[in-house]
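Got some structures for you, see below.
Next, two complexes with subunit A in common: one pairs it with subunit B, the other with subunit C.
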Partner chain A sequence: MPDPEKRFAEEWRDAAYNCFSSGHKFCREVCPVMQVTGNESWSPTAFHANVVAMEQGSLEVADVAADYVNCTGCGACELRCPNSLFTGDFYRFRTRTVDLVKGVRSLAVRQEVHQPAWRRWNELTAERTHEPVADGVSQERVRDWAQGLDLTVGGETILFVDCEAAFYRPSVPRSVACVLGLAGYGFGLMNEQWCCGGPAAEMGYEEQARRFAEHNLADWRASGVRRVLVLDPHDYITFTEDYPKYFGEAFDIEVVLVVELLAALIREGRLAPHVPVERTVTYHDPCRLNKRKGIWQEPREILRAIPGLTFHDVDRVSQWSYCSGAGGGLAVEKPELTAKISEMRMGKAAELGVDTLVTACPWAERPLTAAGEARSIGVVDLHELLAESLGVAP
Partner chain B sequence: MTVTLGDPVVEELRRILGHDHVLTGKADRLNRTRVPAPFPVHRWAERMPDLIVMPGSTGEVAEVLRLAHAHRIPVVPRDGGTGLTDGAVPLRGGIVVDVKRLNQIKEIDLDNRTCTVGTGINALKLNEVLSRHGLLYPDDPASYPCSLVGGRIGTSGWSLIGSRYGHTRDLVLSFDHVLPTGRVIHVGDGIGRKITKSSSGYQLKHLFMGHQGTLGIATEATLKLFPKPEAEFSPFWAFDDYDSAYRTVGQLARAGVATFAGAVLFDEWKVAYLRRDDEAYIPQPASVKALVCAALYGYEDEVRAGGSRLMRIARSMGARYLGDEISQGDWAARHDRYATPLHGRTRSGQVVPMSWHCEDASINYTNLPAVRLAWHEIADRLRRASDVFDDWGMFAYTNGATGADYLTEIDIGIWEQRLDDAAWAAWVSAKRDLAAVALAHGGSISACHGSCREGEVDLVPEELGGGFDVMLAIKRALDPHNIMNPGKYLLDRAYPDQDGSP
Partner chain C sequence: MSYRYRDEMTPPPPERASEVAVTRFEHVYEVDPALMTEHVTQQTFPNWDTLRLVRSRAGHLAWMHAHFADKVVSGEELLDDLDR
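And now, the complex of A and B:
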C-alpha cells in the first residue's frame, strides 16, 4: 500500500472500525444519494468500511475515488449515526463522514486521481478566481450584482457574496444589501474578493483551497476588515471550519451569518416586515445550516414575521433526510444525481400543497427551481422574500 | 467465475439490467460482503461475491436467476444487509442480487387495509407515507430504521411489538417469489394477494419465509395494515433482584390485556453493563438489579385501562415504577440503542472499541432462568479465553400475547480489530454451545435471526430431526443445481453427488 494511503488509514482507523463493526446503517435512509440510487457502495457505511479495507491492503484510493464523488456533504448521516447519538460522548467521539469524504477526495487528488468535471471546474476557478457558475465569470465582474446600489468598498464589516449568488442569482445579494440598508446596518464590499475556496476543498483540491483562503484573509487584513457577513451557508462552513483549520488562532475575523443577523434585527424591531406576501410556502432547511450548524430557528422566525404567508412547516429532524443535491461538488460531477435529489425534495413540498418553496441557500436554488417547474412550485430565497415584505425588493 | 469485461455472463447481465446496475468494482464487492453478525474481519476477502446486480423489477430478478441457473452460478440475495445471522453473506462468490431498487409503494388499499410494496422498501419510510392515511405497518425489529421488507421475509423476522400485532409471518399476506430456476410464483394463504386466511392447498407462505435466501428471492409483497395507534404506554419498572423481575414479567404477559404489545426483562448483567458503559443510562440506586418494561398500543381509553391493570400487577409484585419520563424516553430510543458499538471492557477494565453482537434463541418462560445462567457461563468462558469478548448481559422479550415463550438474547461485545483465527474459533465454538443450551431446554436455536451461521448451524439437523430431511428434499427439488445461497444451512447435504458444491 502506498504510504499516503497507509497514513490516511491509520488516522481514520478507529473511526472506520466504529462504523464498520456497527454496520447498522441508520444513515442509509437519510442519505440523499442512497435514497435516490439505493447503491450501498455510495453509503456512509461504505465510505468508512473502505478505510478498513485500505488498512488491510485490499483497496487503494484509485479503486474508490469515484465512489466518494457520491456525497453532498449534507451531514445527515452523522446526525443519524447511533455512534454519535448514544455512545459517542464516552470517547468524545463523533462520526465525521463529511470530513472523511473530503479526506479521501484530497488523498485522491494528491495521488493524481482526478474526476474529470471536478478537475476542469477547479482549473477554471483558478483561472477566473471564481467558480465558473455562469458565462462571463471574471474578477472584474464580481461586484456587478451591486450596480446602482451605491455601496462602498471596504470598512470593518464587509459582505462576502458566494460565486453562485454573485454571478447567477444577483437578486439575493441585492436583497440582502437593501434590507441591511433599511435597517441602517453599515457594511461595505470586499476589496478583491476571490472564491472562498470551500468548493475546491470539498472536491479534494486542498492546495488551491488554501491559496484562495490566504488571498482572502490577506485582503481582509490589508483593508482592516474585522467582520465578514455571509449569506451563503457553504461560505459559512468554509469561514467557520476551514479557515480556522488553515490559520489556527491567528484567524480572528468575526463571521456573521446574514440569516441570524436579520432575525436579530427583526427581534430588535429594526426591521418590520409589513407588505403582505400572499403565498403558501414551506421552508427548505439548507443542509449546511440545519444539519451541520444546527441553525433552523432563525429562518423560521423570519418567515413567521412576514405577513400574508401561509407557512406549512416541516420540522428540522424530518428534514435531515431532505437535500437539494447541490452540495459537495455533486452537481458538478454528477448533475443527474443532483436533479434526482432535488426532484425528491420537491416531491415532499408538493405533498404539502404549497405554491412556493423558500430556501436560504443560493446553491440549492438552481436545481430546486428546475425540479419545481414540473410541479408548478416556485423557489424563492428567504432574503428576497423578506426584502419584498419590507418593501425594498431590488 | 472470473469477472472480466469480456465475460459473456457479465455482458448478458448488463443486457438484462443495464450497464449501471451491474457492479464489478472491488469496493462494490467488499461492501456487499458482510452484515452486522459477528464477522471474521481478517478473512473479509474470503466472503466476496464476484459481482452485484441491482434489478429494477421482478422480471429482471427472474432473468438473472434463469441465467445463473443455466450457468450454475451461486446467487445470494441482499436486502438491508442488517441481519444478525449471515444469510446475506456470500460463501461461494457468485452474484449478489441487491434488491434496494425495488422500493416502490405500488398500492395502498384503504378499504382492505393492505399495501403492496417492492421488497426493497424500509418500514420506517413506508410508515412515513402510511401515517398520512392514519395507518401503520407494525413490523418493528430493532433494525426498524434500516432493515428492508424483503430481508424480513427471508429471515422470517421478529417484531418488538409482535405480541399485539404479530410478527413478519403474520404481517406479510403474500408475495411474488422468484424460484431458483427463475420461475415467478405468488405465495400467500391460498393464491390471494390480500387474503389473510385460506385452507386451500399446502400453506406455502411459511416455506418461503425464513429460508435465508436458499429458496429464491421475494420481490413484491402485500402487507397487512393497522390503524395508527392513538396511544402508547411503555412503563419501566425496577427490581432488587432478577427473580422478582422474572416473576413479574410472567404475570404481565399472562394477564391477557388486549393492548399488550410486548414486555422485556433485563437481567443483572444487562443492568450492570448499562450502568457501566451506556452513555444514556440514567443513574438508579445500586439496589436496582433488574428491569422490566412493557408496551401497550391502542385507543387511549383501552390503553389507559390495560395500563392500569399492568401497573397494579407490577405494584403487587414489588416493582418500582421509574416514572413517565424515563419510560417514554427509553422506549422511544429503543431503535437507536440497538447499536452500542463503541466500547466494551477488557477483564482489567480497560475501555476498548467493541461491536455489539446479539445471540438469540426462543425459550419457554419456565426455562428462562436456567438458560440465562448457562449462557452467562459460556460468555464467561469466552471472556476468560480472550480479551476480545465482553458479556453485555441479557434481555428476554415476549414472543406472543400469552407469555409462552421469549426471544432470549445475550449481547456479547467483540473487539473486531483484534479478531484472529484463534478468537474466531473460540467464538464459533461458543455459538455452538449457546445453541446446544437452547435445545437442551426445549427451545429453538433462534427466535428471529435464523440459525445458519458457523457453530449454531451444526445443531439444526438435531433441532429439526426428520424435518431437516424434508428441508433437503425441498431444496433439491426447487434448486436442482444448488445455486441459491450455497453453503448455508448445511443444505449442501442435499447434493451428495455434487461433492456438496454447486
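And now, the complex of A and C:
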C-alpha cells in the first residue's frame, strides 16, 4: 500500500472500525443518494468499510475514488448515526462521514486520480478565481450584483456573496442588501473577493482551497474587516469549519449568518414585514443549516413574520432525509443524480399542495427550480421573500 | 448568533459529575477526558457541535414519540407484565 494511503488509513482507523463494527446503518435511510439509487457501494457504511479494507491492504484509493463522488455532504448520515446522536457529545467522538469523504477525495487528487468534471471545474475556478457557474464569470464582475446600491468597499463588516448568488442569482444578495439597508445595518463589500474555496475542498482540491482561503483572509485583514456576513449556508460551513482548521487561533474573524441576523432584527422590531405575500408555501431546510449546524428555527421565524403566507411546515427532523442534491460537488460530476434527488424533494412538497417552495440556499435553488417546473411549484429564496414583504424588493 | 473561533474552541470548565464523568453544559454529561487517551482519543469539538448534538437528540426523541408512541409505560409496569 502506498504511504499516503497507509497514513490515511491510520488516521481514520478508529472511526472506520467504529462504524464497521456497529453496523446499525440508520444512515442509509436518511442518505439522499441511497434513497434514489439503493447502491450499497455508495452508502456511508461502505465509505467507512473501504478504510478498513484499505488498512488491511485489500484496496487502494484508485479502486474506490469514483464511489466517493456519490455524496452531497449533507451530513444526514453522521447526525442520524447513533454514534453521533446518542453518544457523540458524551465521548467527544462522533461519526464524521463528511470529513471522511472529503479526505478520500483529497487523497485521490494527491495521487492524480481525478474525476473529469471536477478537474475541469477546479481548473476554471483557479483561472477565474470564481466557480464557473455562469457565462461571464470573472473577478471584474463579482460585484456587479451590487450596481446602483451605493455600497462602499471595505469597513469593519462586509457581506461575502457566494459564486452562485453573485453570478447566477444576483437578486438574492441585492435583496439582502436592501433589507439590511432598511434596518440601518451598515456593511460594505469585500475588496477582492475570491471563491471561498469550500467547493474545491469538497471535491478534493485541498491545496487550491487553502490558497483561496489565504487570499480571502489576507484581503480581510488588509481592509480592516472584523466581521463577515454570509448569506450562503455553504460559505457558512467553509468559514466556520474549514478556515478554523487552516488558520487555528489566528482566525480572528467573526462570522455571521444573514438568516440569523435577519431573524434577530425582526425580533428587535427593526424590521417589520407588512406587505402581504399571498402564497401557499413550504420550507426546504438547507442541509448545511439544519443538519450540519442545527439552524432551523430562524428561517421559520422569518416565514411566520410575513403576512399573507399560508405555511405548511415540515419539521426539521423529518427533513434530515430531505436534500436538493446540489451539494458536495455532486451537481458538477453527476447532475443526473442531483436532478433525481431534487425531484424526490419536490415530490414531498407536492404532497402538501403548495405553490411555492422556499429555501435559503442559492445552490439548492437551481436544481429545485428545474424539478418544480414539472409540478408547477415555484422556488423562492427566503431573503427575496422577506424583501418583498418589507416593500424593498430590488 | 455569531461564530468566533476563541468562543467556540473554549469549552466551559468541567465540573465533576461522577468518578467517570464531567459536565460543562447544564444536563450534558461527558466521559472524563482522562479516560479517552489510550484506545480512542477525543476529537476537536467546538461548543456549537456539542450543543447541536444535544438539541438534535432531544428533537429526534420528541419526533420518535410523536410518530410512534401511543402511550407511556413505566418500567415497573413492564416488569409486572413479565411476572404475569
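The rule is short, and it goes like this: the second predicted complex is superposed on the first by the 389 of 394 C-alpha atoms of A that agree within 3 Å, B and C clash if a C-alpha of one lies under 4 Å from a C-alpha of the other, contacts with A are read in each partner's own complex, and residues count from 1 in each chain.
The rule is short, and it goes like this: a contact is a pair of C-beta atoms (placed from the backbone, for glycine too) under 8 Å apart; a residue touches a chain by one contact, two chains touch by 3 or more.
Values in this document were obtained by computation on a predicted structure and should not be read as measured data.
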Clash or fit (per the criteria above) of subunit B with subunit C on subunit A: clash
Touching partner for A:Q56 - first (subunit B), second (subunit C), both, neither: first
Partner chain in contact with A:L85 - subunit B first, subunit C second, else both or neither: both
Touching partner for A:A46 - first (subunit B), second (subunit C), both, neither: first
First, second, both or neither for A:F93, with subunit B first and subunit C second: both
Contacts of A:D67 with subunit B and subunit C, given as first, second, both or neither: first
First (subunit B), second (subunit C), both or neither touched by A:F26: first
Partner chain in contact with A:D14 - subunit B first, subunit C second, else both or neither: both
Which superposed partner A:G38 touches (first subunit B, second subunit C, both, neither): first
Subunit A positions touched by subunit B in one structure and by subunit C in the second: 14, 18, 85-86, 88-91, 93
Subunit A residues touching subunit C - in the complex, by the definition given at the top: 14, 18, 79, 84-86, 88-94, 96, 227, 239-240, 244, 248-249, 251-252, 254-257, 260-261, 264, 293-294, 315-318
Footprint of subunit B on subunit A - complex, ascending: 13-14, 17-18, 20-26, 28-29, 38-41, 43, 45-46, 49-50, 52-53, 56, 58-59, 63-64, 67, 80, 82-83, 85-91, 93, 351
Residue ranges of subunit C in contact with subunit A within the complex: 1-6, 8-9, 28-31, 33, 36, 40-43, 45-46, 48-57, 59-60, 62-63
Contact set on subunit B toward subunit A in their complex: 23, 25-28, 30-32, 34-36, 41-42, 44-45, 54, 80-82, 98, 100-101, 103, 120, 122, 124-125, 132, 143, 145-146, 277-280, 333, 335-343, 351, 353-356, 414, 416-417
